[in-house]
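Scrolling down, you'll hit the structures one after another.
Each of the next two complexes has subunit A plus one other chain: subunit B in the first, subunit C in the second.
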Partner chain A sequence: MQEGRVLPAKQINADLLKSILHSPKWFWITIAILSIFVLGAVAAAGLMFNKGLGTTGLNRPVMWGFFITNFVFWIGISHAGVMLSAILRLSKAEWRRPATRAAEILTVFSLMTAVLMPLIHSGRPWRLVYWVYTLPFVPYDFARGVWPNIRSPLVWDPSAIFTYLTSSILFVMIALLPDFAVLRDRTTGWTSRIYGLLAMGWQGNPRQWKLQIIAGVLLSALILPVFVSVHSIVSWDFGMAVAVKSWHSTIFAPYFVVGAVHSGVSAVVFVLILLRWVYSWQDYIRLEHIDALGRLLIVVATGWFYFFVMEVIFGFYGREVDEIAVREFQFTQAPWNMWMIAFVGLTYFLPVALWLPRAFRRNLWIMSTACIAVNIGMWLERFMIIVPGLAQKQIFTFDWYTYAPSSIEIVIIGGTFAMVTMLMLLISRVVPLIPLYDIKEGNILKTEIQIGRRTVPATFRED
Partner chain B sequence: MAASEHKRYAGMWVFPEASQITRDVAGKMAATPRVLPLVLTGAGLLFVLGIVGFIARAVDDGFDDYMDWGYYAAIFSFIFMFSGAAPLAAVAFRLTKSHWRRPLSRISELFAVLGILSTVMLIPLLFVMPPINNAGWPGPGAEEMELRRTIWFEVPFGAPLTWDILGLVFLTVCGLGILWLSALPDLAECRLTATGFRRKIYNFLAGHWFGTKRQWNTQKAGLAMLGAFYFMLLIFVQFVIVSDYAMSLVPGWKDSILPPIYTLTSLQSSLGAILVILYILRRWGGYEEYIGISTFWSASKILLGLTLLWIYHTFAFFITFWFGRLEVEQNIIKYLFVESYGGIFLANLIFGFAIPFLILLWNPVRKTAWGPALAGLSAVAAAFLFNIRIFVGSFNAGDIFDIGLSKVPAATYPDVWDVFMVIGGLGAALFIYLLATKIIPILSVWETKEGAKYQKMGTLIKGEYLILAKPE
Partner chain C sequence: MARLPILGLFEDPNYAAEAGDALKRANISENDYDFLTDAPYPEGAFGEREENHRLYVFPFLGALVGITVGILLTSMTQLAYPLTQGGKPILSLPPMAVITYETTMLGAIIFTVLGIIFESRLPKIKMGLYDTRITEGYIGVLVNADEEKLPEISGILTQAGAIDVVRES
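And now, the complex of A and B:
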């Protein structure tokens, strides 16, 4: 038996456009609270720019701390969009439909947030201009061969991230065209005109649908290499550095990508549960969808755990004294060993234990707990990769140091979480976070087959 | 309903009649194609040649020096690689409830019988392998290590050899368990039609299977549990084999991505081998009514994904070593990728990536039977080259107790006994697989029948379309 009802198109429009056409009271109150956090972060960043990086906990040799950890974390979250939208679209997974839009938009916002982190970390973001230009509009003369080094992974980063950001925005916009047209037709005045512009003349004729589908599939396929390259290149920021012993590992690229998918999909599941709750979208984000995402997460988490184990085993395998010193630091010395236990427990053992029973996968409280646990764990993972390695980077023990974040760093990091939440809420006032046309298409293709005395859910296949 | 009645899906999806499947498959099994004895004899002869090569190598060089056994290790690893991973195709696609998997389930499970061959082939390697302890260690400060690099850090009891063979034995038993459990309903069907000695075999193998609801539930739960166990065991055994019999033999080779690359190569080559067999069965085996193009189409997308993952992981390895500029890493790249085994690596790259990618990139080609099969054949060839490069290279990399690979060794070419052992291994694998198909139906009859029930034609707007059911 099908779990969801087949709803008429009119009701789908009414339900899914509710977040745009009506504003509940809690909405602006929540936005106001989140704004306070964001403004706090802006003020903290301003203070840090004014006083210098000395206000942070960064020191020699731990030059990378919370900001870079947060950068890697948000890049990771951005991987949900492609995983849920592009890959599941290509594999024709029916249960993907309500999750795609939220995942794609979360991708865009998390990427935008990630980009901010290295800028803030630089301490003097306006000097970024020297990375590209010597004088206004005069490109930097690379022939001098001093700085910046275009062969450095740190230069590959912005190229990959901006390519991913551009293609992700394009991906969202293409998917939004039919929904913009619906909004154009259901709004009035300047709002209708803006939606009209965004809909780019969409009338829903067969040719437009055909082109939209082709564009979606093509973009899904083309975005995949970009998706993989982004986190691979971020991983190579670390992996190419032979001086930091625990970083120079060949597995870093796939390990980071799988970890990113793990945290990104978990974040999307949590966002979906929130959306279902705040907008009463029980008919659209159904328990079967959360269940399927839970099953996907078991596979992703196990893949991630495999890469994690390989990374650790081969850390010890080399029998290099300085690398073993870092590993001992991570695994045996407090408080790092406690963080390590928390990270592995929260990233793998707790969530997978919660995802295994079907009843748990269909319990939204349990799923939310598991998904939040994954994201806390994944944040800790990045922290545990970056800081212990740097703290014991030098061969001489008198150069070993540790790192404690300052309140400025904590406020800024907290602000990024508030910012992404706020942006997600604000965008829900502008675009439907569940794609209308995708849900309608799913309803059309949905049917049932009678086998003996049982009614089994089924779908129409075009090819 | 015949396929021709659904023109939109002609060839793509098959619509077998549930009532005819048993009789048809039993008929196909009873009738021995003229070419089969010929192939069996050829494979048997190669098998014998392999045994001759093995005996000659043992007599000539003994088991004292592992370096002489590089090609033997390579062919062992190749057979283990694709045969070990193949049953996972049935397990994984059954778990995802993919309808297109049905024709390939049994083909993939039958590879489990090759686990017996892999296990037997591992035994001589256990005698050949060098110890972990450096008996002649000159002491601290020397350019040698007291213990060679190994995944068995504290050298637990019997490590590594006992654990290696135990892992492989458990994997083989588990694989055979999956095959038997999955084939149980079909063996019971065969029991009804067979006569004489064959009937006795089927009686023994089918046990008390009568197809009760309880039996079906137990079978499905058992398959899921064994599948999960098999998956974990396979990953572990592959990690052990590639670490103990390859990486740890190259001084200074510390490469955390090699086990995933090995696993990916095994998944790619096993799916490739399955596609080749599917093509042969469809084209010449008389199974066209049961194997639709949709199976090739869907499997080809997985093969394309695996191909891309393989090149991605290989590139991730290469760029990290290349960019790191450490002497030992540069030497390993030169040895296994660029200079000594550069030619084989290039061929490996062409067969493992370029050819499958260029074939599978095109949807119209993916929607044929020959395209995916050709790409699969290429992937199998690539896996063969991969094993030659990695295992022969590792077995001949020099002093295993050195801290790092300080110079680039030359490539090792096969002698006549090596050639005999390599082709003998391939012949043995073919021989054993073909024999197994004479006992167990190569088409999963019960899954095909089940699939026939889960599909029907229905009207959507103005057209007739296929409806596929997906029970929870």
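And now, the complex of A and C:
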């Protein structure tokens, strides 16, 4: 650990602010390409709203398909921020420093993207406005005689996601105050004035720093329970459904939370590797950081695999006819069994095999491949939970049907990936994706000590 | 007598700490000078005064507000639109618990953020005397003193190793 060299503050500013202060040509070309995908998705969604949900592959009884799969996937990615930022902050892990900001911002954007999915899936997102119209009483459209079930777990989702999104944005904004001050001092004209407003007059006196450090720990501790609740509640969208046998499982909440951490941390590792490559941040995102994240991922992946195995075993052990029927569907019938093999292989066996050797964890190509594999696998996992469970004939369904996504759904899903990538790139033009003060603090606290005949790196750590 | 600020800039944290000691010896109150840095130094690194705060009260206040809002929102919604199901109570506790939990946490987090801003004495409408070199790694020692004492303080700062001493123009 602690392999990096100590850099002067001026160079840290120059290196980490170059994504903001200088705009390379490739940046706008990439944004233009990504915009085409995003606009394509917007057009596809517009077409779907105009023509109706019949343009999708959704039909009775598979009424949840790609959109809800993608919703759960992006909620999962959003767990990266808190996992890395909060847990590593609370445990005072020294190698967290370059990873926290990117993880927190990825949380915000993936949550925003996730929120879009149920709205698109509803086919009539403008009905959301009806909720607002019924205020100041309560936000339900009873007045139109619809009578939704206000106790439904589907109502819990918005409350949990709203809490998590608000908290994550506030967490990022508070941690950005000192970096906004650096930007205020390094820019001129109206840009400087805007950063000045965002910095709120930050000077960097001991009181402000003390509260900034406490804020990091205190907000981490407060967001952690929200983080656990969000994916638990998302899992209860399925777990509380009595009618779909393979969903009605008590293990879903921890299984989903660990899965979310698995895909989220993998996504952050990939983003960090990209940032290191794009902005030449080799001095900041070092191989030791990727190595440490790789080791963390082995633990997380194994935890996830344990829950996966338990979920399958409990499914079989109960010997309920409907449950066994769904498992048979997943494990023995093509193409579902092929997807199942792909999902387990990509989520666990391939990446863990790649993360075990130290040399592989320090090879950025191999790490990128492993992290992309995890995310393809985790997307498939959600698909394999949602669709086979619905496609199998259940006791209360009068017809059954399989599911194949339409081109509209594929374009919209592709657009969400382009959108998150584009938003991450755009935000890198506005805020530093590696926290400047955190890196500087690491340098201040870094030292070397003599143990016997060896000089080893050490870090001073305050309680 | 008008009180004016003066700012000494130091490259080395040891010199900044020495400047703090020298100001103390010159009978400048601890409340009248501050250390400005671009990164958090360990508490007490400059021999500065201990900063007290009441931040820990804020999350509790927020949680209290949040839990109240959560209970009111969920119970009033169910009472306004009663869904009678087989003689079960109108107020169903499990969904109330989930939403109340979220509002409680939301309240605690929002109040904590407000507390951080309030306790950090932000936002500052007027920055006062400041130098952009501070965010380049220089350590600023900002002193507020009577106008007549400024030359003496400037001398103290320079003697302690300040590379520059700035006054309000």
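As a convention for this text, the second predicted complex is superposed on the first by the 439 of 463 C-alpha atoms of A that agree within 3 Å, B and C clash if a C-alpha of one lies under 4 Å from a C-alpha of the other, contacts with A are read in each partner's own complex, and residues count from 1 in each chain.
One rule holds in what follows: contacts are C-beta pairs under 8 Å (C-beta built on N, C-alpha and C of every residue); 3 or more make two chains touch, one makes a residue touch a chain.
What you see is a predicted model; the values in this text were computed from it and never measured.
Peer 1: Identify which of subunit B and subunit C touches the larger number of residues of subunit A.
Peer 2: C
Peer 1: In the overlay, answer first, second, both or neither for which of subunit B and subunit C A:F305 touches.
Peer 2: Touch partners of A:F305: none, neither subunit B nor subunit C.
Peer 1: Under the stated touch criterion, which partner chain does A:L222 make contact with: subunit B (first), subunit C (second), both, or neither?
Peer 2: Touch partner of A:L222: subunit C, not subunit B.
Peer 1: Return first, second, both or neither, reflecting whether A:I444 touches subunit B, subunit C, both chains, or no partner chain.
Peer 2: both
Peer 1: Examine A:W202 and indicate which partner it touches, taking first as subunit B and second as subunit C; both and neither are also allowed.
Peer 2: second
Peer 1: Using the touch definition from the top, say if A:F349 reaches subunit B (first), subunit C (second), both or neither.
Peer 2: Neither: A:F349 stays clear of subunit B and subunit C.
Peer 1: Which of the two partners, first being subunit B and second being subunit C, lies in contact with A:Y401: first, second, both, or neither?
Peer 2: neither
Peer 1: Counting contacts the way the document defines them, which residues of subunit A are shared by the two interfaces, the one with subunit B and the one with subunit C?
Peer 2: Residues common to the subunit A contacts of subunit C and of subunit B are 444-445, 460, 462, listed in rising order.
Peer 1: Using the touch definition up top, name the residues of subunit C that touch subunit A in the complex.
Peer 2: Going by the criterion above, the answer is residues 34-43, 46, 48, 51, 53, 55-56, 59, 73, 76-78, 80-81, 83, 92, 94-95, 98-99, 101-103, 105-106, 108-110, 112-113, 116-117, 119-128, 130, 132, 134-137, 142.
Peer 1: Across the complex, what residues on subunit A touch subunit C?
Peer 2: Going through subunit A, the ones touching subunit C are 8-10, 13, 137-138, 140, 142, 147, 149-153, 155-156, 159-160, 162-163, 166-167, 170, 173-174, 177-178, 181-182, 185-186, 200-215, 218-219, 222-223, 225-226, 229, 233, 436-437, 440-441, 443-445, 460, 462.
Peer 1: Enumerate the contact residues on subunit B facing subunit A in the complex.
Peer 2: 12-13, 145, 147, 149-151, 153, 235, 239, 254-260, 301, 312-313, 316-317, 319-321, 323-326, 453-454, 456, 458, 460, 465-472
Peer 1: Given the complex with subunit B, which residues does subunit A contribute to the contact?
Peer 2: For this pair, the touching residues of subunit A are 90-91, 228, 232, 236, 239-240, 242, 248-254, 306-307, 310-311, 313-319, 444-445, 447-449, 451, 454, 456-463.
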